[in-house]
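Here subunit A shows up in two complexes: once beside subunit B, once beside subunit C.
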Partner chain A sequence: MNYSAVLNGGRGKTGERLLGAAVILPPVALVCTEYVYPFLMSVHSSLLKDGRFSAENYSYSLSVYGGDILFTAFVSALSLALVLALSVTIGGYLTLRRNRFLEFLFKVPLFIPFVVVGHAMRTFLAPKGLLNSLLSQIGVIDINHPPDFIYGAVGIVISLTWKQFSFALLLVMSSFESVDKSYLEAARTFGAGTCRQILNFLIPLTRSSIGVTAVLILTSFLQNFSVVMMMGNSGGSQHIMVDIYNTITYLNDLPLANALGVISYLLALGPAILYLKREMEKA
Partner chain B sequence: MKKLLCALLAGSMLLSLAACSNAPSEASSAAAPAQNSSAGAPSQEEQKPVTLNFATGGDTNMSEFFNNEISPAFHEKYPNITVKVTATGAGDDGSRNIYTKWKAQKDAGKSEWDIDAGCVNQSVMKDLIDNGLIEKYVPDISNQKYVTTESSKFALGTDVEGYVVPLFTSQIVLGYNSKTVQTPPKSYDELESWIKANPKKFGYNGVTGGMSGVGFVAGWLYNKTKNYDTLVKGPYSADKTADWGKILKDLKSLPVTYTQGNAGTLDLLNRGEIDIGPVWVDMLLLWKSDGRMSPDVKMILPEPGMPGQPMYLVVGSGAQKDAAEKFCDFLADPAVQAKYVVGKYNWYPGIDSNAVFQESSQETKDLLFKEVTADELSKKALALPIDEYSKAMQKIYTETK
Partner chain C sequence: MSGTSVFSKGIRLTGRLLLYAAALFLILGPLSSLVIWSLAEQWHWPAMLPQRWGTMYWEKAFRGELMNSFVTGLEIAVIVTGVVIVLAVPLAYVLARFHIPFKALILVLFLFPQAFPSLPVFANLMTLFYRWDIAGKVSGVVLVQVGAALIYSLWTMVSVFQSVPRVLEDAAYSMGASRIRAFFDVSLPLAVPGVVASGILVFLYSLDEFTGTLLIGSPFVKTLPVQMYLSSMGYEMQIASVTSLIISIPGILFLLLFQRFLKAEYLSSFGRI
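Right after this comes the complex of A and B.
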């Protein structure tokens, strides 16, 4: 037996393992100190009520803010569905029929911050905002009795969809372009139109990438603050991030705010688990 | 080569992590102005250069006020004192940042603090006094005879006499579109009837997003409960809030439009989407002068009144006391109040208003008191509830569906 070779090989592998650990240690330490530790502190705070351990903050959150939690899940899911439908349709079309100018136009919202989107939508879509003013000029609506439904779920969904559609388009198009062109050529040879190519080829072959896109977009919707703050309806259901802000600023009740924060973590946890599971299966 | 590269990468990551952990603490604090070498010890000699570190809560107009108007004027009077202004943010949070900074430095045993004086709102006064963070400096200043208003004595139930010079008083009123509302409601009861007769034409922001809505709801409670004195002076008693659930439920059942905050209400008034809404007087006048508000929007102060709130000038216990007191004294001067507080920024004076208005121009007085007279203000400018009742109001309003 070549003991030297074994020993040298063993030392080499240990050295590589140590080097690998040294490389990943700083980012892991960063994640632990900047995320895991604050998260644990947040959970700890959420279980405190008047200085003692209690789940009262959670029961209060569910009873008073339960409607808002459902509202958050609803607007996020609806916005996600619209984003995916639009990005897959338009992304598929632009993949099959290249149009750089249209592609650029659709990607413009990427460069616009959420807070600007919120303010722009607030004034553009307002009952007596720019859109309704233009529509009243051509007699579509009566400006003295304009439609008044924009603040709340409708406005939030429109704003979030418009903003994140371009991000989804970027991701979806890059995965569509990785599909082997020979499949699409073969499909066209057999008479498949654009719709058929998108539905039966592009989407099935890029399902995991679309899934990753969905997880990222949904998380961004669950954590959004500026758009939901500006387009929300103060008298109706609110996004959970607005409730957290109000609890901290106006009630100065940090344990309750932390309880709401933990609930929002749990809402995002589902998609995160799916994402990690898929990544580990791929690995 | 690969291993060497990995080793270098690991090393540089470790170094950058160590560097991040040694970042100056000011990077994580919203209220920390830069250190100044001359701020080490309180100045004992009049001509020794001093940098006074001043922090202000409130919106951007507050930092503009101190940076653009007050600091240069103060430096002209006291050439050896330079004022460095830091904005700590709007709302209760901004004032709480100042409290947090002072508390941290006191707990750390520091004798000289980073912030010498501050401009804070009422909500933080109890904590500042209870923790021994501010000086009782008003008896020592030359303009103390003008510091006579009710708000200079009490802040949401806390005795603040001697600790504060109110910089200004801002007042909530009802803004209304004079073109569509020929006869604005003169009381909360008339307003309630008007709202029912004109659905969705009254707008406010609830109890979140802006103090104009909070003040409106507080005024609603004062009108319905007739318990104003108890709610603003205390003591707190939970049984006084027993009927608030029904009162606020009735309020929430009215056909109103909910806005996104102070600016949201003003926006909707300007666009004609609502005809009446609670607004801050100074914001309305500022928007009008900026051309952002229709000149048809006017003000009315309904019976029994609406709250307003002052912003307070306070001096930290670890401050450069002499310079800080001079600064607050400067702002307690009726001539300074007339020129800057009232004249340029359209706030109501924080000190004796008679003394201030003697120094004010007729144009300024016309602008401020044309629609809501000084006499009306003296009778109907109310205070916000004490902290416990204020939090109870927010909680019950939120819980009421």
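Right after this comes the complex of A and C.
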């Protein structure tokens, strides 16, 4: 009964407009309240010191956390380089020689949430972790002086690479599959091996979608929170997200945390613009 | 001749086995560490394996606080999935089909949050939620997750509706159907598989969400990821490992059941959890 009333109501132009507005406005309002307004709040509050406008939070951030900002950019870039190198090589190999077992295996990390990856790597890579006890069994390391794979950049880079390699492989392989197979056949006829086919054909032909993959992954590294929180720092540099969280919870200094937050927006701005441009074109 | 071919075959086989071994070690190594820890009742360094194995910590997990976190997370995930579907399905349809005013602005609105760090945004949202008295409550966690999951799932839903042929709707219009009727009787039924897939993604997203839940929910609302984080940071390795495995089960099940049917675009949404 009500259903047919709605149907008739939708027939008029005004009715349709009202209905459209009813569909669009609640989600828009939600996103404005939960993202746009808090985003603006963070920019505004970062410029306040004791109730006055000031750039002090920024100068303080840069002098105290400058190293951490560089560290964030460094671990993200290094992990990205590793992820791309691995996914392009392995993706190329698997495109040319199908292997369903390996394809399935490499999808597994995609379904392990970041927060679990953080903990798994903590147990695996820690000085007294499974990896070191395995390595000592085969005599590679001295059990009394186990190397530390977890603190600093190494643990973060390994964890982020492990998790997002899977994601990159999926995207890279789906773009490799779209390459016209006759190019590859022609290359093989002229004696090109697996390496040549990947380097001279698959990569150049899919350059733009590899670029998109890189942007998506870099964005996820710059904003990662759970893995970097769990890896700890043992007194060295740490990811800017850890600084932000600690500034809020332990120092209770929201304006300073917001200055760091705005710096993290700026770090993400380059990839964000590329991401936005591409998605807008797609839509 | 045949000697060399056997030899080169042997090399190829060894190479292959090494590749498999390396792949298995790299992917399953860290995960097996979780499994061993979850079953280790006593494990002192430098023994390679635990001195005493047992399911004590699994039993503990199913009795105690962990079960509460699991139920809380499940309740939140059910509500979030329902709300997101109700909000996102019509919105995705409208975005996929119609010319609407300020469309570019709306697109930017729903794309931008994905590209920027959410921690500083949620930190300020937390102060708002304290003002509205929903911080540390299930309602606050639901609200923060609905926003995040909406942004997360909207684009897969838009592409679901873009894949429904427009001709079918035009046919319905020519038979005198209104736009609403065409939506309910033609487009929606065809989009159901895609909507179900996105719904499952939202459900898994909500179960695994960490940043928003930690900031908004703490210290009263704890889902499994938050609980796991707290036990891991407190060096309760066994409990954290049991929790990690429980958290991973739904995603792995999803992979096993659906991986053949899922397009890359659904699977790739997992790059964000």
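Everything that follows uses one rule, which is that the second predicted complex is superposed on the first by the 238 of 283 C-alpha atoms of A that agree within 3 Å, B and C clash if a C-alpha of one lies under 4 Å from a C-alpha of the other, contacts with A are read in each partner's own complex, and residues count from 1 in each chain.
Here is the rule we go by: a contact is a pair of C-beta atoms (placed from the backbone, for glycine too) under 8 Å apart; a residue touches a chain by one contact, two chains touch by 3 or more.
What you see is a predicted model; the values in this text were computed from it and never measured.
The larger set of touched subunit A residues comes from C, when the choice is between subunit B and subunit C.
In the superposition on chain A, A:250 makes contact with subunit B only, while subunit C stays out of contact range. By the touch criterion stated above, A:236 is placed in contact with subunit B alone, subunit C being left untouched.
In the superposition on chain A, A:195 makes contact with neither subunit B nor subunit C.
When both complexes are overlaid on chain A, the residue A:19 reaches subunit B and subunit C alike.
Applying the stated contact rule after C-alpha superposition, one finds that A:64 touches subunit B and leaves subunit C untouched.
After overlaying the two complexes on the shared chain, residue contacts for A:85 are found with neither subunit B nor subunit C.
Of the two partner chains placed by superposition, A:55 touches none, neither subunit B nor subunit C.
With both structures placed on the common chain, the touch criterion links A:128 to subunit B and to subunit C.
By the touch criterion defined above, A:27 lies against subunit B and subunit C together after alignment on the C-alpha atoms of chain A.
Residues 16, 19-20, 23, 26-27, 30, 122-123, 128-129, 229-230, 248 of subunit A are contacted both by subunit B in one complex and by subunit C in the other. By the touch rule above, subunit A contacts subunit C in their complex via residues 6-8, 10-11, 16, 19-20, 23-24, 26-28, 30-39, 41-42, 45, 101-102, 104-125, 128-131, 133-134, 136-137, 143, 162, 164, 167, 170-171, 174, 216-217, 219-220, 222-223, 225-226, 229-230, 241, 244-245, 248, 254, 257-258, 260-262, 264-265, 268, 271-272, 275-276, 279-280, 283.
Partner subunit B is touched in their complex by these residues of subunit A: 15-16, 19-20, 22-23, 25-27, 29-30, 64, 67, 122-123, 126-129, 148, 151, 229-230, 232-236, 242, 246, 248-252. Taken in their complex, subunit C has these residues touching subunit A: 19-20, 23-24, 26-34, 36-37, 45-48, 87-88, 90-91, 94-95, 98, 100, 104, 106-125, 127-128, 143-144, 146-148, 150-151, 154-155, 158, 178-181, 208, 210-211, 225, 228-229, 232-233, 237, 240-241, 244, 247-248, 251-252, 254-255, 259, 264, 267-268, 270-273. Only residues 3, 6-7, 9-10, 13-14, 16-17, 91-93, 96, 200, 205-209, 213-214, 252, 256-260, 267-268, 271-273, 391, 394-395, 398-399, 401 of subunit B touch subunit A when the two sit together in their complex.
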